[in-house]
Amino acid sequence: MEHKVAVFRKEHFNAAHRLFCAEWTTEENLAVFGPCANPNYHGHNYELIVQVNGVPDPKTGFVINTKDLSTIVKEEIVSRFDHKNLNLDTDAFKNLNPTAENIAIVIYNLLRPRINKDLELKIRLYETERNFVDYPA
Amino acid sequence: MEHKVAVFRKEHFNAAHRLFCAEWTTEENLAVFGPCANPNYHGHNYELIVQVNGVPDPKTGFVINTKDLSTIVKEEIVSRFDHKNLNLDTDAFKNLNPTAENIAIVIYNLLRPRINKDLELKIRLYETERNFVDYPA
Amino acid sequence: MEHKVAVFRKEHFNAAHRLFCAEWTTEENLAVFGPCANPNYHGHNYELIVQVNGVPDPKTGFVINTKDLSTIVKEEIVSRFDHKNLNLDTDAFKNLNPTAENIAIVIYNLLRPRINKDLELKIRLYETERNFVDYPA
Amino acid sequence: MEHKVAVFRKEHFNAAHRLFCAEWTTEENLAVFGPCANPNYHGHNYELIVQVNGVPDPKTGFVINTKDLSTIVKEEIVSRFDHKNLNLDTDAFKNLNPTAENIAIVIYNLLRPRINKDLELKIRLYETERNFVDYPA
Amino acid sequence: MEHKVAVFRKEHFNAAHRLFCAEWTTEENLAVFGPCANPNYHGHNYELIVQVNGVPDPKTGFVINTKDLSTIVKEEIVSRFDHKNLNLDTDAFKNLNPTAENIAIVIYNLLRPRINKDLELKIRLYETERNFVDYPA
Amino acid sequence: MEHKVAVFRKEHFNAAHRLFCAEWTTEENLAVFGPCANPNYHGHNYELIVQVNGVPDPKTGFVINTKDLSTIVKEEIVSRFDHKNLNLDTDAFKNLNPTAENIAIVIYNLLRPRINKDLELKIRLYETERNFVDYPA
């Protein structure tokens, strides 16, 4: 669609996590996840970029007001994950391994109901500046 | 097309602007645009990334010479918008709200005639490092 | 002092400005300031880094709580300059040329009374990623 | 595919190169490639981002383990190109102009056999922060 | 000393931590440290810049070989803190609040014996891109 | 001096180099410089930050006009080193090992005569984002 514009808003949260599979032994977890399986957790500064695609409103010139988008992201994501232990302090990762892939999918599913259905939504999540993911691909 | 490559060139310009809708009252403008509606303007360091997609020339190995692309962007965009007031000093935004969305569309339309028709064109515009847009989406 | 630590907090504001000397003609202003003298203003995303030096408190481990420092910077600087025209909307630059040098000095003088006298204060201000200043040097 | 996630891993290598077309005269090369044709070479810090798209494994939560991806990139790309002269020290560019476009295609072709066929692969290569390419586009 | 050069090497580690003062109640800790006192920890991508000042060796042109400096930092700091819980997994912060200030001092004290006495040492530690410290100031 | 301000201007150049000591054997050079001694050279995107300290002029508000500073840096440094082989194409490094330390000292000595004697000068040179130097320290 030539007339659609993508709007991006960047937010961040800092959290602890560990990666492990409950069905596996400690050795199996270390073999797959290495130091990311540390039982006492480690952590990251997560940088989150939320993308919303749509046709700009002719009066405002906005696809979505980034102030509103920022408010939604803070309400749904930052307040839920910032300065938290993803494994212990959140419902989302009680039974789901908090890999960057899964965190991005969870964020997408939390934001999707808050964004107008006519607008496409996409998530980019930086775990570090060297490791990051997009969902959907 | 597996054999197409996207080439990106980054340029920048610094400009003043304000966001407002001429049909609305001051109160309505403030309600929608907040401090961005300040009548005396504010400003940004705009970072512009121009993307051109095509098949590299077998002799040069270039989709497009980035020196040439840089020259085109400076002639059409930087010379027009850098150190300007977008609302007052440019024809493009005399009657168009200079949101990031609209600036990206204007830049696309200014550059499109200068780029070979066989090449696809896409614009990314950073208003700040936290707010940016792509056109087309 | 080997035991002093420097603490840095980064904030930002977006503003319009123009550079000119009221005693000079338009031609003289253009000769010195070039497009920065544009009468209709241009603008920047200013990145501000406030540095506070002191000995960490033995109980908290803080030289200064960066949450408190952030609050002070928002009260004194961001609320005053963000989304403003520095020349028209602020007392500080009614009669002072808003160069990066002068903005940094003004910011220092606004923050100095809000920071404990035992702590040293230093300002870094990015006008763009290519032009920035420190005060005091 | 709504359920696919893109995983990105960033690596880097520093290399010398020159751009030129063996069929052309020195003058023709300078006309097209400018200082990039300098016979004694110049160089870059290349930043490489490898993107792999797929459905996360239900147990690990990984599309691909980024440790494994990093190892593959170091074995195939960094060990081959880092601290090398691309024109003189590598087979890939003996008869191929080492433009960013061609380097990205070569990297894609070197990595493709090492990545599971069910996963899509995409390369982003920064020659400088102002010039970069994606392959495939 | 006009002839001294400062050499900087950047490394990184990802860790979990919490801020709290054992002498205080939970309420007092929350009042001072806010969400940083979360009992289940949060985490950061710490970026560490180690600065070494001295006169370059006339033969090598090096103040210190940055490969050697990198090795020292990995042995003393990264292997100790990366993918760890600073409060639980390290001796250094068993009884010391892991603020950025204290982490920088601990890093300085760990590295100081490994760097030649004729060379000055300074630490910069980024807890986030918005909060960072230097030691000594 | 409380009233002095430091002004910084960022420029860049891309160059090839190799590190080696002419008095040493190939083996000795490899032992000290590793892959940086590659006889066919490698290269970098050098980022250069020139710092000038002084008291702002009361009329202009400038310590130094950054446009003038940029012109001086382009004339003395960028035109000399950009898209060059530092070892082969420059007088400065015919008999001097082009380490970051030595390049920074050479840049300082080239710029010092072009900057007013009342102003202090300092050079920061990034060889990569992980390795950089300041001169004087």
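For reference, chains read A, B, C, D, E and F in written order, and residue numbers begin at 1 within each chain.
Assume a contact is a pair of C-beta atoms (placed from the backbone, for glycine too) under 8 Å apart; a residue touches a chain by one contact, two chains touch by 3 or more.
Computed from a predicted model, the values in this text were never measured in an experiment.
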(request) Treat each pair of touching chains as one step and give the shortest count from chain A to chain F. (result) 2
(message) I need the common contact partners of chain C and chain D, sorted by label.
(response) B, F
(message) Strictly by the touch rule at the top, which chains does chain B share as contacts with chain C?
(response) none
(message) Same residues or different residues where chain A meets chain D? The copies count as same if more than half of the interface numbers are shared.
(response) different
(message) With centres defined by CA atoms only, which chain is the most remote from chain C?
(response) D
(request) Look at all chain centres (mean of CA atoms) and spot the one farthest from the centre of chain A. (result) F
(request) State the superposition rotation angle between the two copies chain B and chain D, fitting on C-alpha atoms only and giving a multiple of 5 degrees from 0 to 180. (result) 120
(request) Just give me the whole-number Å value for how far the CA centre of chain A lies from that of chain C. (result) 33
(request) Using mean C-alpha positions as chain centres, tell me how far chain B is from chain E in Å, no decimals. (result) 41
(request) Using mean C-alpha positions as chain centres, tell me how far chain C is from chain E in Å, no decimals. (result) 28
(request) Note the residues in chain C that touch 2 or more other chains, in rising order. (result) 34, 129
(request) All pairs of touching chains, please: list them by chain label. (result) A-B, A-D, A-E, B-C, B-D, C-E, C-F, D-F, E-F
(message) If we count contacts the way the header does, which residues on chain F are in touch with chain E in the complex?
(response) 19, 21, 23-24, 32-34, 96-102, 104-105, 129-137
(message) Using the touch definition from the top, list the residues of chain F that touch chain D in their complex.
(response) 12, 14-17, 34-36, 38, 40-45, 82-85, 88-89, 128-129
(request) Note which residues of chain C are touching chain E in the complex, please. (result) 1-11, 53-54, 56, 59-63, 65-67, 120
